[in-house]
Every structure is written in C-alpha cells, then in structure tokens.
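Chain nomenclature is as follows: A, B, C and D, assigned in order of appearance, with residue numbering initiated at 1 for each chain independently.
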Amino acid sequence: MVNPVVIIAITLIAAFSIGIFQFLGKKFVRGVFWLTVLFDFAAILSIAYGFLTKAIKNPIMVKIGGFPPPIGINLYVDQLSAYLGVVVFFIGAMAAYHWLSRGINDPEPKALVLLLLLLLGSTGMIFTQDFFNLFVFIEITSIASYGLVASNLDSFSLEASFKYIVIGSISSTFVLLGAVLLYKFAGSLNMADISAHINSSMYSGGMLIIISIMFLFGLLIELEVFPMNGWALDIYQGANPAVVAILAGGIVKGFYLVFLRSANYLKFPHLLKIGIIFGLSTYIVSQFFAWKQKDIRRLFGYSSVGQLGLLILAGAFYLNGNLHGFAKKYMLFAIIFFVLNHSFSKSTLFFLADLFGRRRIEEWKGVLSKNKLFGFLFSTSVLSMAGAPPFLGFWAKLFFILAIPKEYFYIVALVLIGAIAEILYYFNLYRIISEKEDGIFDYKGSIVPSLFNVFVLLGLSAFGAYKFFILTGLDIQSGKFLAFITISSVAVFVLGVSRLAQWILSLGMIGALGFHVIKNTSLVPAFNIQSFFVYLVLAGAIMFVFATYPLSKKYSAVFYPLFVFTVFSMVGISVSSNWITLFIFWELMSWSSYLLINQGGKKAAWIYLVMSAIGGYGMLAGIKLLSTGPNLIPSFSSSSAFAVSAWAGILIFTAFLVKMGTAPLHIWARDAYGESPDGFTPLLSGVLSKMGVFGGILTIVYLLPHLSHSDTILYGLAWFGALTALFMALLAIFQEDVKKVLAYSSISQVGYILIGLALATSLGYSAALYHTVNHLIFKGLLFVAAAGIIYRTGTSYLPEMGGLIRRMPFTFLAFLMGIITLAGIPPLSGFAGKWLLYSALLEKRWMFILLIAMFASIVAFMYCYKLLHTIFLGQLRDKYRKTKELPLPLVIVELVLAGLTFAVGIKPNLILSFSEKAIKSLGFTSPGYAYESAHRIVSKFGYWNAYFMGVFAVGSFIIALILFFFAKAKIRKVGQLDIGYSGEVPDSPESVHFGYDLYAHMRRAVRVFIYPHVENTYKRIYNSLMAFVDYTRRFYTGDLNTYALWVVITLSFIFYILYKGVF
Amino acid sequence: MEDLIKRLESIFKIVEKKRGKRDNLWILEVEKDSLHAVLSYLKDNESFRHLALISCVDWIENNKFQLSYILWSYQKRQNLIVKIFIDRDKPEFKTVLNLFPQAEIYEREIRELYGVTFEGNPTQFEDFVLEDWEEMPPMRRDFDTLKYSQEKYGDRDSEVLKTNIRKIISDYTDEWRRK
Amino acid sequence: MKEKDYFLDDRPKKLSYSEVWEKFFNWARAQSLWVIAYGTGCGSIEIPPMVTSRFDAERFGVSTVGTPRQADVLIISGYLAVKTLKRVIRVYEQMQSPKYVVGLGACTVNGGMYYDSYNTVNLVDLYIPIDVYVAGCMPRPEAILAGFAQLMKKIKEGRADGWKQYIDNLDKYRKNQEKIIKNWKIPNYNW
Amino acid sequence: MWYKILYAFLVTVGGLAYGLLLGGISRKITARIHGRRGPTVFQNFIDLIKLLRKKTAISHGTMFFLAPMFRLLGGVGVLLLVPIVYGSSILSNFSFGGDLIVVLYFMVFGCLGMALGAADSGHPHSALAPTRGLAQMAGYELPFLISVIGLAIAHKTVSISGLVAAQQGGIFHWNLFQYPFLSIAGLIAMLGMYMAYPFSVVMAPQEIPVGPPTEYSSTFLSFMFSGRSIFGVGKYVLFMDLFLGGATNLVEAFVKTFALFLIIVFVTNVFPRYRTEQAVKFFWTYPVVIGLIDFIRIFIK
C-alpha cells in the first residue's frame, strides 16, 4: 500500500520536471511520463486491491503535515474512490498510449504535462476531504482540460476550449464562493467535520441553502446536465478523442463522485427532485437529440451526456430515495456498473472513432466487414453501451430498474423509453457500419488500448452477471445456464476452425443438451408446459441446424455461435422459473437473433431490434409493476398473491405479441423473415416465434386471472389474433418474394395460436399447443425448402422461378405436403389444429372471431397456390435446366418433416398426447375433447376421425391410380412447350409462364385492406419524431451567449426549487 | 384545292396534275428526287399530316414502278396522291420514315410484294405476309401465278376427283334421296 | 436434363383397336363432336349461326371448345394459305385421336376461285387427311350441318379414319407439307 | 364394414349418373331458353364415354397426371362424407368420418388438386384460371361461412346429421324458414360455388379457352368431368342438409336436390358475367349483409 499523498506528490513533481527538463529529449519526457503513470496506477491498484481482499478494512485517512482533520488538509480514500482512481488511471494510461501511438499535434512535452496535471487533479478531486482543496483540484483539472481540449489546434477544438473556459470558470467560481461561504457558515472546510455539524433543520435559515445552491450548481455544470451542456457536446465533437476519452471515461466520473460526496456531506435539500428533474431530462433529451446526429463523435457525446443524466438520477435515488435493504444495494451496484460500463465502452468507442478518423456516419459504411477485430471491438462496446445482455450495461440497467421504488414507476417508464431511443440511434449507426462493402480498411495508430478496454469490459460483464445472480438470489441454475450458454457459443466460435467444424460442434452441443434434458430430469422435473417447449426448441433447433450446413459457406464465422446462443437462450426461457430470469433469457434471445438477422438484411434487423426492445422493455416495465415491496423478483406463482392493475399483464404481453408478430406490432416481421440468413429463418419462424406463445401461456395462466378486466383483455387478444390471421394472410398473397410470403403466412398462423391462447379453455390450449408444434413442422419444412431453393436458384423472387418440379421432385413432394398442411386440408396434420381451434371457438360462442379465423384460412389458399405454382409449376426456365435437387441435408430434413405431417395427420395423438400432459400441468383436468373410440375425437360440437380420413383419402387415391393405370398405355408425356397455343409455337418458356402478380384482380377488390396503414403509421410517427427532434435540437445553437443564458436560467431554477421547495 | 396546286407549282416542278373522282382528291406526279421535299412541305405547311397509304403499280410496259403516296389533311379534309416513277430495273428508293413513321410497314409490304427496296428502312426485309418467300415478288406482272400455283400446290387431277369428290357427292345425294 | 427439350420428339405410334365395343364407342363419338373454334378463312363466319339458336348444332351433340386438346373436329373453313397451313398442322397434330377434319368451301376442294393464287393451297388433302368436304362458296349452315351428318354417318360406319391414315402415312404427308413449307420452323412432331 | 364400402361404391356410381343427368338437363333447359331444341338429356353420358375412349392422351408431368385423381377423390369424398338420407345407416355413407368442418376443408382437396394439375401443364391460361377461382372462393366463402357458423351455433352442433336432426318435424323447421337470411346468404354463396353465371369467370370460355383444363384431354378430362359431376351432387346434398331439412328417403332427396339445381339453372341463364373483383365485392356486400341479420340475431340470443 502506498500513501495516497505520494501519488499526488510524485505526479506533481513529474509534471514540473517534464516542463523544466524537456530539453533532455523526447525519450526522457516519455520515460518520465510513463514511469509516473505506471507508478500511480500501481499505487492505486495496490490500495484498491487492499480493499478488495479486505486487507484494508477502514477508509484511509491521510493527515498532511500531521495536522488532525478539522484543522489540516487531509485526504480520504475509501473503497469507491480507490476503485474510481483505478479506472481513471487505467483510462488515462490507455488514452495516453492511444494518443502517443496516433501522434500528438501539440508539442509533446506540453501535452504530457497537461495530461499528468489532469490525472493529478482528478485524483486529488476524488481523494480530497477538504472543500477548498476540492476547489483547487477542480481548478487544476479544469485548466488542464482547457489546454488539452484545445490541443488539436483546429477551429473545432479551439472553439470548444473557449466555451469550456467560460462555462468552466462560472462553475469554479461558484464552487469557490460556496467554499468561502461554507467556511463562514461552519467555520471549517473539512467535509466530515461539516457533515457532522449539519442537519436538515439548519436549512430553514437561508445561508445553507445558498451554499448548497453554489455547490450544486457548480457541480451540475461540470456534470453536463441539460440544459447547461452545450459546451460539453462541442468538446465531445471537437476535441481530440483521446482527451475526450479521458474526460468522459475518467474525469467526469471524478466530478460525479465529488457530487455524490458533497451531496452526502452537505445533505442537499430536495436532492431527489433535483436528481429526477435534471437527471431524467438530461437522459431523455440527449437520447432523443442523438437521433439526428450525423457526426459520430457528437453522437457519442450525446450518449455520454445521457449516461451522466442516468447516473445523477441513480445517485439521487441512492442518497435520498428512501431505499432500503436490497434496493439500496442494487442501486449502488447499478451506479458502479453504469460508471464502469460507460468508462470502458465509451472510451473504446472514442478510441475507435479516432483510429478510423472519419466523422460523418455515412463514411463509416462497411467498416465492420472490412476489419474483423475492429468490428468486434466496436460491436462489443456498442452492445454494452446499449444495454445488451450479457454485457455490463444490461446488468446495470436491470439493477437500476429493480431498485427504483414502485411509486416512481413513471421514472421506470421514461428511462425505458430513453433506452429504446438509445437503441434506436445506436443501432442505426450499427446498421450502417455493418453494411457489406468491399475495400481495404486502414487506420493510423494502435488498437491495443481498445483491446485492453474491451477485455476489461468483458471481464466486468462476467463479474456483473455473477454479482447479479448472487445478489438477487435468483435460482443459481439459471446463472449457471447463462454461463453455459456463453461458454458454449464462444467454444463454437473458438474451436470451429471451419464451417464444418462449427456445424458439427453446434449439432453436438444442441444434441448433448437435448440428451441431457431427456436423461436428467432436474432441468424439467415432470412433463409440463415448460418441458413441452424445451423439447420443441431442441427438436426444432437440431433439425434446422442440421439443414444449415450446405448454406453455411457464405455465412460469417459468428453464424453458428449466435445460432447456438439463440437456441440455448430459448431453452433458458423455457426453463426459467421467475419473470426476471425469463426477461434475461428473453433479451439474450432477442439480441442474439438480432445479430443473426443482421447477417442478412440490415434495415430489417434494425426494425426487428427496435420492436424487440419495445417489447422487451415493455415486459420489464410490466415486471416492475408486479414486484411489490420486498419482493423485487416476482416469480410466476407469486403473482397470484396480490392483485395488480391490468397494465402489468398488457405490458408483459407486449413482448410476446411482438415476437408472435401480432398486428399492429408485426412490422418487423416481413423483412426480418425475408432477409435474415436462409439457414436461420426456419428457426425464427418455427421456434423463436413460439417463445411468444410460451410467454403468452405463462401470462394467461399465472398472471391474467389475478388482474382486473382479464376477460376483456382475453377477448381483445382474440380479436388481435383473428385480425392478424386475416390481414396477414391477405398481405401474403401479394408478396413476390418466397420468404416474404412465408413470413406473412407465419404471422398469420401464429395469429391462430394467439386465438387459441386467448380462449383460455382447455380446448383452446389444446388447439394452440397442437398448432404450435404443427406450425414448427410445416413452416420449418417450407422455410428449409425455400432456403434450399434460394441456394440452388440464387433468387428468392417468385416470378424468376417456375417449373422446378422437373428438377426437384423430392422437394416438391415435401413442399406440397407442407402446403396442404398449411392450408389445413385433411388428411394431413394441418387440419387437426384447425378443427380443434374451431371447436374451441364454437364452444365459447365467439362467433365473429370464428368467422374471421375460418375466412382467413380460406384466404390462405391463395398464397398456398401461389407458392406452389410460381416455384414448382408452370414453365421451367432455361437457366434452371441444370439445377440439381437440393443438397442432401436439406432433403433429409424436408422429408422427415413431410413424413411427420403425414404421420401426425393420420394419428394426431402423436402430438396430442404431449399437449394433453402439458395442459394437465396447467391445472386443467381434461384436454377439452374426448376419444370416443381409438381414433374418433369428439368435442361438444362435432366429431372427426383422423385415421378414417387418412385411410379413406389414401385408399381412394390408390383405387383411382389403379383405374388410371389401365389408361397408361396410351398416355404420352410431352415437352414443356407442347401446349395448345392457338397453333403457334411458343418461342421461350418465359413467354408462356404466368408468374408475376397472380392476384392482380384480387388486388382491385381488396385494395383498401392491403394498403400498409400500420407501417405508414409507424413511419409517420418516426418521421414526425425525427422532425421534432431535428427542430428542437437547435436548442444547442453553438453560440456561447445562449449557453451562458441557459446557465443563468438554470441557476434561477435551482434557486427556486431549493428555496421554495416546490415541485 | 386548286390554290394548293398552284402554290405547289410555284415551288416544285409538277410533272403532271389531275383531278380525282372527287373534288377534294388530286393526283400529282412529281420528280422522284423532289418527293421528300414535296411531302415535307405538304406535311409542315399544308397540314397533310396523315400518310394513309403507300401503294405501288407495276408499269411493265414502261419499265417503271409507280409509287403513290396517299395523303390526307384532317383540317382541310382533302386527299392528295403524290406519285413518282422509279426505274423497274433498279427498284430502289429512299424511305419516308423520317417524315411518316407509319411508312415502315407500307414499305415493308411493297418490298415483299414488288421487290422495291427502300434505303433507310431498317425492318423492310422482315416477312410481312408471306413466310419464307423465295421466288420473284408475286405482285410483279411478269410473275405467272397460275404456273406457280400449279407447280407448287398441284391441280386436282381427274383420278382424285373420281375417287374422292364424286364419291362424296354420291354419298351425299344418296342420303338425300333416301330421306 | 438436355439443353433444350421443349418439345417431345417422338413419332406418333400406330394405333391398334379393339373391335369388340368399337361400334358402340363409334356411336358415342359420332353423337359427341366437339369442334375447335379455329377459323382459317372466310368460311368461319358460317359457324356461329350453325351452333346458335337458328340452326342449333348442339342437338346433334356438336358443340364448340376452345382448345385443340379436347376437340374432335377441325373445320378448315375456306382458303388456306401456307402460313395458316403451318398452324393448322400444329393444331391438328395436337388434337387427340380419333379426330376428324371437315373441309369447308370450294377453296379446300381445289382452290375454288383462288385456284391460280400464289398463296392458296389448292389440295388440302395432300397435307392433312380430310374426312368430309362441304362444297360451296360459301356453304350455308344447312350445308355444313349436312356435312356433319355425313361425318357422323362415316364415323358410325367406322369409315372416318383420316386420323389413322395420317399416322400411317405420316411420311407421305410430311413430305408434301415440307414441299410447300420452305422453312419448317415448327417442331418435327407436334404433340 | 365391407357392405358400407359396397354401398359407398354404389352411391358414387349413382351420384355420377345423377350428376351427369343434371348436367344434361341443364343443357336442355339452357337450349330451350335460347329457343333451341338442345341435345338429349343424356348428352353428358355420351360425352363422357367418348372422352373415356379417346385413343390417345398427353401428360405434362406428374402433377398433371395426378390432378384428375385428386379431383375425383375430392368429389367422391364430399359426396360420401355428407349423409344423403337422414336416419339411414347405409345412405349416411361415411359421415362418421367427420363433421361439417371436415367436409368444408375436404371440399378444397379436389380444387387444389385440379389447380396444381392445371398449373403443371405450363399453359398460361390454365394457371390464370385457378387464381381467379381462388379469389372468387375467398368471395363466396364469407357468406357461406356466415350461414354455416350461424347454423352451427344456433343448433349447437357442427355434425351434419345433427343439423338435419334439428330440422325435422315439418317444413317450417327447415333452416330455410327458421333462419331465412342465413339461408339466402348460403344459397347465394352456392351460386358462386358452382361457378355458374354470373360467377363463371373461372372457366370463361371466351377469354381463357376453358380455364384450368385447357390442356386436359381424353381420359384425364373424363376423370375431371366425372369428378366435377359427383362433386356437384355432393354439394347439392350438403346444401339440402343445411337448409332444406335433409331428406328422409331417396325420393325426397331427389326432389330437394333437383329444386336446388333448378335455382342455379335459372339464375345462370339470365345473367351476364361478373369480373373477378366484381364478384368478390358482390359476395362481400349483399349476401354478407343479409346473412349478418340472422347471424347477429343468433349472436345476441
């Protein structure tokens, strides 16, 4: 352990010696600089290590000159300040290294002196225990920053520096005045001493309020709160990114600690109000203003400012929010994680921005694909910044949300809206960056600092997850499972040297987990609704992974790791036992699937992510509504213990509705399904959307009965399901892209499942569960076939295909069976789902919904025929004459699935026996239907004999075939252009193929229904928000006078609040 | 109408002029070199914007082909036939495609049926009515259609008549007689 | 798959018949004559009155269809140019056996008033087998109906075997056809 | 069981004969309306025999080959799944196999098969016709579903025998009189289902020669032809069971189905043709509004 004063002294000496002895040469200067920084870092690290290992129990109190506290100046190092010091020096060292590797514009010795002074100032600021001393260190820090900000010597940085000087002087002046007045008031400047003498009753006098205003105001300026942060954004935009990285990653955090500490010691009145007003407004405003930024550094600046707002909010709650027990602990960890996350990821982002050097966002196009390491660092930082699991930002946000008291629900809502806005602009940027573009990418400087940062960040993320699971006392199994997921996908990435190896590894891992689930019943004790979905996920996943190999050549190396990640997180969802675990795995699934979709369509992935975020955060808000008092983690069954408002159910259901693609939350689906990698789409449609079904069942069974208006909610859900089923089917018939037709069809079919859920009768659940499995079978089949066809033909545009039955007979057979199943025509398995659903609806007398559902299935015939015709029938084009049957794995999967639909069609018990068990685990006594004889299923309204229908259809088909074989002798098979064409000879297959816009006539009838009202509404909302933001962001005029004006106005506002205590 | 002719005469050399069967129909013969100028003038200045037809006549005695351009003015409601003669041994002329786009198909037809080629018409050698015609253009007067027809399609000889048609007729009459 | 196999390139097989029920089936064939609505010349204007209310050919089982695949009878209605002949051959070969051809008007018999035209086929039966000629220029619908009666009679007696002759003597017919169709752009065998 | 199969076979043959006869009568009536004499009522039998005994046939591919069988199977299935005579164990055929929902979906089986076969022929007109047919189907199914669901809810059953049983006991127990608006909607939908004028745009002999079977000939066509006839009879029986109280003996069944047949024939012969979208719009307005009157009455009850 080193005496903290030594750190300050050594740094001071080093700084001045560099100044004096700079004639000794560059090597000397650098040597001194690095030695000092390393020494300081080591010293602080040793202190922090002491705290960590509990070698140091109490905070260190250093008495300078041996004077006791109230008289002399002293330093006070506690756990938090030691850790923060480590962070500051780490970031400082990284930034310096980065800067040196880039080359410094300013004369080097000067810059290094300023850097040392900056580090010195911030360390002092963190460590000091004396208010005047605090001013001195703030002044040192500020002056050093002024110089460093200007060090780029271009117009941007000089202007920013000047603004900073003016506003910073105001801030310092106020702090100084505060210190002076405080001395007059309390007769002491020692923080602890003052704190001991102050109690809240003393605020009734005027003096202490004035003092508080001075300090609060001075520090809030430095903390860049809205509306006094125009200068800060100019710095972020204009200054050298290395400097900005130190400022944003280290120095501001020092100011934040000072803020917390003075607030604590001086017991600021109305701190919570101040925190909420300034923190929240800063957070929301900056997240929205960032939307319109074209300069990447300014965009990061807005994000930094927003994070600071969140920190102020969290700090205010921590100090003054009446948090008790767990909540207080959660909030502390939220603050720590926010600080760490922001320091490491934001400084990395600034480093990377500097390395690449381009300012405008458009110029960043395609960076991700050009340099893999750069892309990895950038993605990790962005993901952590935006709060994607399992990175640090996610845990911070989760702690924060959990810790906020329930009566401040509006804060939760606003913070989550801000988080959605953050995702919106961050991933708009990410979308541009991850576009495919060829070309060579070069950067000047070293990537090592960013690499270090990201490694630390990853370590901290693991620590965060560990801390989260330990602290919240969630079932440790989930935590282990999370670790297992991460490790296995990393293993797939690391060990998978080629795509083949990755494929085998993924298959093996999913298979092993499946084996484990079957063998070991600890994961799912008895067969219940959860194990139903575990089996569903694993069975679907193993088939779809198996099918991907031939397609995988064009996928990037992260495809299989992400695939495994998605699959396992879905298993995690299925086995989770409380809402928070469900949420964590839900987010894991959303983000990993986002990254997978982003391998294909970028814009589509972005929309998917934003919609997922709306759903996911809606779910978090709903969970927040569920949690009461000490019960911060609501488990499924505990929701029955209390009555909550219907909004909890509706909010939680949003997430599931988004994944199910229910209108009007469906807008992501068409493009995400259509443009995601072909190997992933079957999983997306067959399994991932079923997680929405799973969540829906949980919500309806465990939650909705305890909510008010639950019947209304259910009826509303059924209407949503029915309208989704109808309108998505209508939209599907006018698509010209095979995957988009199937996408709309998917959503439409999931609409049926939603109707089944909303019925909430045992027959309804039977229908929903049956259809869930069945949809996995046939939609998986269709998507796998579509993937293969796209692979073989190179196009997904339907009018480009045609006549492929001649080249792909097996695929056609499978596809035909899939389509018959989709259309619900007996004797294949599709009919059973329809029959169960209609019986359930009849039983409940929901006539209109029944009408719409049945009608939607009639509309579905149109796109069924369209798919079959345009892909397989009609004329074969010349370019496909050499096309082969699909690759073997795909054909195997297809035929297995086709065999399944046939088997299930003849014998629906294959699925029904499982769903019956699952339904019994939900507390129902019967599945809602009965077996009259072995195969005859009877509901209250009707009956149906699947076995007979199958035998009848097959039998009569065979009889007809035999009859026909008598005539076979005279039948000649003719060529494809041998058609009766008015005596003419068609000159090419294209000229007689009917494949484009098959339902032009239908369009004329239903034009008003298929107009994209919903999509346009979203677009309109987005565009008007954009326009609004574009207009209001001119609030930052860039003019110093205006900034100063806002500073004054804010001062009077703070004065008003503190003095009058209103709001 | 006469005014028009006079105006034309003042500008171009009119070889021959004749009133048609109607008052608003006149037939003019011009030099073949000045045809484009005449048509252009008529189209631009005298509102004869509609080329109704191009026809061809084989004057085998004079060893000439006559090309007639039949024009119509919607404003004046008048017809004008401008005709020229070209050499029969050298059946070539320039296209009027630049003035009247619809001439493309007329010229194509004349090329096929008379063998007159029009320089500058890109599609004139495509088949129009006759597919794969290899003989002399059939509308030329020295083309013997009867001989060609008999050679190519044959004539029904008496044997065939006896065996087929007579029998059919007798069948037919038998039927009627029986009724 | 071959580079291009737009068309079936097989020669039609010679057909054998069972004689047992043939009479009955011939009766059925005669009572159900589906005419392809394909007009080659001016005579086709006489067909609409024949099938509509005035003359009502449907009472004999004669009705019209729009596709050669389902048709039994092809009416060559009037003069036949070489260009049309190509189409007629294709339509005729695309019809399914047994199939019958009715030649309508003088032009089909011997060229009629176009006997010396450079573009009218004088003797249609050199190129496709004609089962019944109906003479006249133009024959009225009554005459056409009489022709159909004749055709029915021939079918019932089993004498309407033009389709058989065509397959049996395909080479001869093809030779004749190729003689006047210089550029044989249609497939070798139309199916 | 075996005698059931035997009777099923007899019913199929009988249904075929009846269907062909109805077709012939229809042609005869049409001719008389035109002022013609028309063919004999047995003309369709003759046509069928002729088609069956054509000496050659062409096929375009597997689906083209299988489609007529699908078509025949769909027709036979519908005929056999609908009980013809109420209370008779023999003439209720295979109606134990499924209820009304099964029949509704099995009806599509044949249509889908034919559409696929037509598309496989590679003829653009054949492919065009099914799209029209499916669009029109989306049209007429809406009023039809309104009447079916309304009846099912009203009588608390979707079993066809159950529906017939609910209508026993006199002419005024028929759904036609109990729920007249539902029945009108259903009967208008029936016109569309038979693709008779004014809803005949699918076959459209003038524009797209004969619709889906453009390329079909001889034996194939005869299968389709008989499938269509049987299917027609099956649908008549279904509508009889739904609206006209079913039948207690064969004579009654003949009379009632013939009455339904006459409705179609007389409507067909006096109307011109709707275009597809006009037909769809028609079906989605008037019959739906009419049907909803009773539908809402049942919903409220």
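The definition used in the following text is that a residue touches a chain if its C-beta (ideal position, glycine included) is under 8 Å from a C-beta of that chain, and two chains touch if they have at least 3 such contacts.
Bear in mind that the values here come from a model prediction, so they are computed numbers and not experimental data.
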Steps needed, at minimum, to go from chain B to chain D via contacts: 2
Per Cα centroids, the chain farthest from chain D: B
Chain C-chain D separation of Cα centroids, rounded to whole Å: 36
Length of the line joining the C-alpha centres of chain A and chain D, rounded to whole Å: 54
CA centroid of chain A to CA centroid of chain B, Å: 78
Centroid spacing, where centroids are CA-atom means, of chain A and chain C in whole angstrom: 73
Touching two or more other chains - residues of chain D: 55-58, 209, 214-215, 218
Numbers and ranges of chain B residues touching at least 2 other chains: none
Where chain C touches two or more other chains at once, by residue number: 67, 69, 86, 191
Contact pairs between chains, per stated definition: A-C, A-D, B-C, C-D
Residues of chain B that touch chain C when the two form their complex: 129-132, 134-135, 138, 143, 145-146, 148-150, 152-156, 160, 164-165, 168-169, 171-172, 175
Chain A to chain C touching residues, read off their complex: 806-807, 878, 881-882, 972-978, 980, 982-986, 989
Residue numbers on chain C that touch chain B, as the complex places them: 82-83, 86, 109-111, 115-123, 125-126, 132-133, 135, 146, 149-150, 153, 179-183
Residues of chain A that touch chain D when the two form their complex: 803, 805-806, 809, 812, 816, 820, 823-826, 831, 834-835, 838-839, 842, 845, 847-848, 850-851, 854-855, 858-859, 861-862, 864-866, 868-869, 873-875, 936, 940-945, 948-949, 952-953, 956-957, 960-961, 964, 967, 970-974, 976-981, 989, 992-994, 998-999, 1001-1002, 1004-1006
Residues on chain D engaged by chain C in the complex (per definition of touch): 27, 31, 34-39, 43, 46-47, 49-50, 53-58, 205, 209-210, 213-218, 221
